[in-house]
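Here it is, the structure in full.
Chain nomenclature is as follows: A, B, C, D, E and F, assigned in order of appearance, with residue numbering initiated at 1 for each chain independently.
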Amino acid sequence: MIPDLGKYADTVLSAYGASIVLLVALVWWSLRAARKARIELEKVEDRRNG
Amino acid sequence: MIALLIRDLKLAFRAGGGFGLGLAFFLIVTVLVPFGVGPESALLARIAPGILWLGALLACLLSLDRILALDWEDGSLDLLATSPLPLEGVVSVKALAHWLTTGLPLTLAAPFLGLLLSLPTQGYAWLVVSLALGTPALSVIGTFGAALTVGIKRGGLLLSLLVLPLYVPTLIFGAELARRGAEGLATTTPLLMLAGISFGVIALLPFASALVLRVNLR
Amino acid sequence: MTLKVQDLTITRGGIPVLEGLNFALEPGRALILRGPNGVGKTTLLRTIAGLQPPLSGTVDCPSESFAYAAHSDGLKAMLTVSENLNYWAQVFGQKDINRAVSTFNLDALVDRMAGTLSAGQKRRLGLARLLVTGRPIWVLDEPTVSLDTASVALFADAVRAHLKTGGSALMATHIDLGLEEADVLDVGPFRAKADTVAAGGFDEGFL
Amino acid sequence: MGSIWEYANPVKFNHTAGKVLPWVSIGATATLVIGLIWGFFFTPDDYRQGSTVKIIYLHVPAALMAINVWFMMLVTSLIWLIRRHHVSALAAKAAAPVGVIMTVIALITGAIWGQPMWGTWWAWDPRLTSFLILFLFYLGYIALWEAIDNPDTAADLTAVLCIVGSVFAVLSRYAVNFWNQGLHQGASLSLDKEENVADVFSTPLYICIAGFILLFIALVFLRTRTEIQKRRTKALIARERLG
Amino acid sequence: MTLKVQDLTITRGGIPVLEGLNFALEPGRALILRGPNGVGKTTLLRTIAGLQPPLSGTVDCPSESFAYAAHSDGLKAMLTVSENLNYWAQVFGQKDINRAVSTFNLDALVDRMAGTLSAGQKRRLGLARLLVTGRPIWVLDEPTVSLDTASVALFADAVRAHLKTGGSALMATHIDLGLEEADVLDVGPFRAKADTVAAGGFDEGFL
Amino acid sequence: MIALLIRDLKLAFRAGGGFGLGLAFFLIVTVLVPFGVGPESALLARIAPGILWLGALLACLLSLDRILALDWEDGSLDLLATSPLPLEGVVSVKALAHWLTTGLPLTLAAPFLGLLLSLPTQGYAWLVVSLALGTPALSVIGTFGAALTVGIKRGGLLLSLLVLPLYVPTLIFGAELARRGAEGLATTTPLLMLAGISFGVIALLPFASALVLRVNLR
């Protein structure tokens, strides 16, 4: 499945690996912060409305 | 005692990140060196261990005045001196907190900065070892300096002036250890000396610091 | 624990400011120090609390019995009210901060950063610290600065409660605290005279 | 529709962001997956660089974004300073961490690529160096946001820092160029001069760039909304305190 | 120079604390602000002095007419009393510091470093600074903190003299200054209510 | 305005000597470099201009937080903001005072330290010229950083982090000028650039500093 990367396999794979890890971490972190902010806000809004 | 440590760490993280910033300073000093001396990597490789040690030392130095001055200004130090904690313990904990927020992250970050200065491959391990052994001494000596200058308004530069000569032996042996490591030479002597300095300083200097602090509080 | 002060002479910046002080503070009593600005009240309190040595005379009480509170409250702007109190409680080996919080009416503020409090609120927090020290003798330097009338009353109540449990309090202040049961000592008459200095010590050459 | 400034109202912005976000996210995921898979699996090796050429699909888009995110922050900072639209300031705040990650990706992929190509992880090449400086600017910008409690004060200060910083970033770029001639490739999207080879690489590269841009838009919408909600929460809590 | 405050709403840390304030201060008059701790007196004074912008409403007086004095006195510990005063006099384009020195009874202290003064002495020096500004409207935040009774009387005299020459004074304080001629404004009733906040501004999404 | 300058200078001399200490720090950094990188004089001569510039920059940096923080803490800044002086003038005077107590002595001392690092003879004049032109820019940029971080408790390290990237162009052209001077190469371009940066920065940055300071005082 993986194409033949020749002698540079390590190089290419580590570049892809590192980048994808960073991108996924960024997205995950953003989503988590978004969820936390939403829950906080809903808690406060509920307290206020009822 | 543990409460004190936890509080200090908390404050370091909250108050504009004492921790990230020591590191940032180290990074920036290392980055600036090539701008100063030029970009040839052979030259950089030769001076790399020395410069990294110097950078770590300066990063420590810059954060020394946080160790006690803040507590002095807001009166916490007076209150601590009247508390049940022995002052020797207080200064040791302060030094430990300083090391955890400055020395330790510096040690861990040094290899990456070694990369920027084209440090030879065999040098990395020795660089880390020398910093791990040496930075605790820097924190403890620095705490002594901070205790000496604590009453003085904005004693920051005076503090540097007092502390730097005390840092010289640590710097010499530390940088020597890292350099020999990088050049593949024998490392036993500087290693032993560095370890000796660290342990001696950690065992004895807190008593001097507490003494000096007590005088300053009067 | 009785605080006995005998023949005390104190210095500030190397110069004697008050001399020949004698008084005793029994458990359950409060003593208010009065005197014009600059006479040496702050210096006296620091000496008693053990922060500086007296020139001569004795303070007959171990410094472990004092809780000292001065103009600067030792509060960390970047910690919340409860974190500040908890920290001091732990340093003094205590657990409970609730009593301190409620005594000084800080309930609404516990989660606020100490740096964002108003002058009077900061002061209340600084005073609340006294309750988490568990120390019997309070040594207070102008404790009610910036407090409004209601808070001064809270403070007076706190002092009264402390006296009831066998504690005692030594305070320097210029204003009326509404503590009828306290004795008052005017330190004005003990101002050091020029010749105290030469009283034949080791340093007479300098003084 | 009305004027674009309507979206500077937080409520309106949140509403719109909520509607747009799913589509942009799907678009970003799709283009990124297609572009990267195409690039990784279905492009030939370069005759000089071998398989390392595949790194270009990450390196170039990340590098482009790193610069453009800062540029976007500059624009939103100016809007905040001139028209004082809170969303604009918060968008700048939201974009900065994305920019940092992009910078880091460009640096890391570049360093990894440099090892086989130039025989070193790092060289003080002008382009590399100016990226390092950009990284420092991002760090300082984020640290300043973090260090100040009052959100409006923080917005003002970081906006001024962003503008002054941009001027100095341009200056540094020039200075660095003067100081060292580099190893790095010039700015053209073709690796070789022959058109046909370049095409093979460039189509997936364009797709990847589009993917990174879409990802950035999605993240900025999401993060800006988060910031708005955080401020609203803070304001409401403060209001409760007033009773 | 009359100070007119109209419909003022002020914020601290982004949160409204006082709203709907209206008052005027004529030349020759003094106005004392009262109110419990944390109600917003300090914030109000800073707003009036032009250090922070109001949320709404106007302060109808150029900020060049105010002399502001707060908890921190802007004294340099390493300068002497007279150097400190001279400096501020020069900044405000004045020459003479003698009147300030004698009014606050600082003659004996002129050559002392400000850092070696007692709390009350420092405060007197801070107040003396007002006399070298030459500004007509004094805006003072708890001016008599740490002062003994004699010094409070000195201060009251200084204020009276200032009013006589057509100046005016706005002060926040918790204690009695012995200034019978001053009006008193209790700011307690102007505490901001929750719905001021949502007053339909552009940023309703936040608030 | 002049009163402000005089007061700042007086304070710098009295309060533990802001002036002597900047210099001392510079001296010590330069002295520590041989301990770090080893004593060969050929190597030292090559890195000398860069290291001297770096040392000057760090000495400046360390003293930046004195520019405004002290005045902030004791309330002087609030009072100055309500005084008749324009804030743009205040920050310019502060920058000038900083330069007089730090940049100027550094410039004058640099030749002596060049001696310690075996700087080639033709390099001295250029070293002094480059420092004389460059250090004012360092002070002005530093004042901007100080104004940005003035409200932040112990913002010292944050200040360094913000200011250092802004220092890069000055450092590059300054060190390049000194290096080319030492090696006898053409110096026109870096000279012009350095002068350009200094004048530009002196003319424009005070407005930004005053703006930022006003925001911080709110």
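Just so it is clear, a residue touches a chain if its C-beta (ideal position, glycine included) is under 8 Å from a C-beta of that chain, and two chains touch if they have at least 3 such contacts.
Protein names from UniProt, one per chain: A = Heme exporter protein D; B, F = Heme exporter protein B; C, E = Heme exporter protein A; D = Heme exporter protein C.
A quick note: this is a predicted structure, and the numbers were derived from the prediction, not measured.
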item: Inter-chain pair with the most contacting C-beta pairs; value: B-F
item: Taking each chain's C-alpha mean as its centre, the one farthest from chain B (Heme exporter protein B); value: E
item: Same-site or different-site touching of chain C (Heme exporter protein A) by its copy chain E (Heme exporter protein A), using the half cut; value: same
item: Computed distance of Cα centres, chain D (Heme exporter protein C) from chain B (Heme exporter protein B), in Å; value: 35
item: CA centroid of chain A (Heme exporter protein D) to CA centroid of chain D (Heme exporter protein C), Å; value: 15
item: Whole-Å separation of chain centres (CA-atom averages), chain C (Heme exporter protein A) against chain E (Heme exporter protein A); value: 29
item: Residues within chain E (Heme exporter protein A) bordering two or more other chains; value: 13, 71, 77-78
item: For chain F (Heme exporter protein B), residues contacting two or more additional chains; value: 15, 152-153, 155, 158, 161, 164-165, 168, 172, 218
item: Junction residues of chain D (Heme exporter protein C) - those touching two or more other chains; value: 136, 139, 143, 147, 149-150, 179, 232, 240-241
item: In the complex, chain E (Heme exporter protein A) residues that touch chain F (Heme exporter protein B); value: 49-53, 63-64, 66-79, 83, 86-88, 90-93, 129, 133
item: Interface residues, chain E (Heme exporter protein A) side, partner chain D (Heme exporter protein C) - complex; value: 13-16, 191-194, 197, 202-207
item: Touching residues (chain side chain D (Heme exporter protein C), partner chain E (Heme exporter protein A)) in the complex; value: 8-14, 85-86, 149-152, 228, 231-232, 234-235, 238-243
item: Contacting residues of chain B (Heme exporter protein B) [partner chain F (Heme exporter protein B), same complex]; value: 15-18, 21-22, 24-25, 28-29, 32-33, 35-38, 43, 46-47, 49-51, 53-54, 57-58, 62-63, 65-66, 70, 152-158, 160-161, 164-165, 167-168, 171-172, 175, 179
item: Contacting residues of chain F (Heme exporter protein B) [partner chain E (Heme exporter protein A), same complex]; value: 2-4, 7, 10-11, 14-15, 71, 73-76, 78-85, 217-218
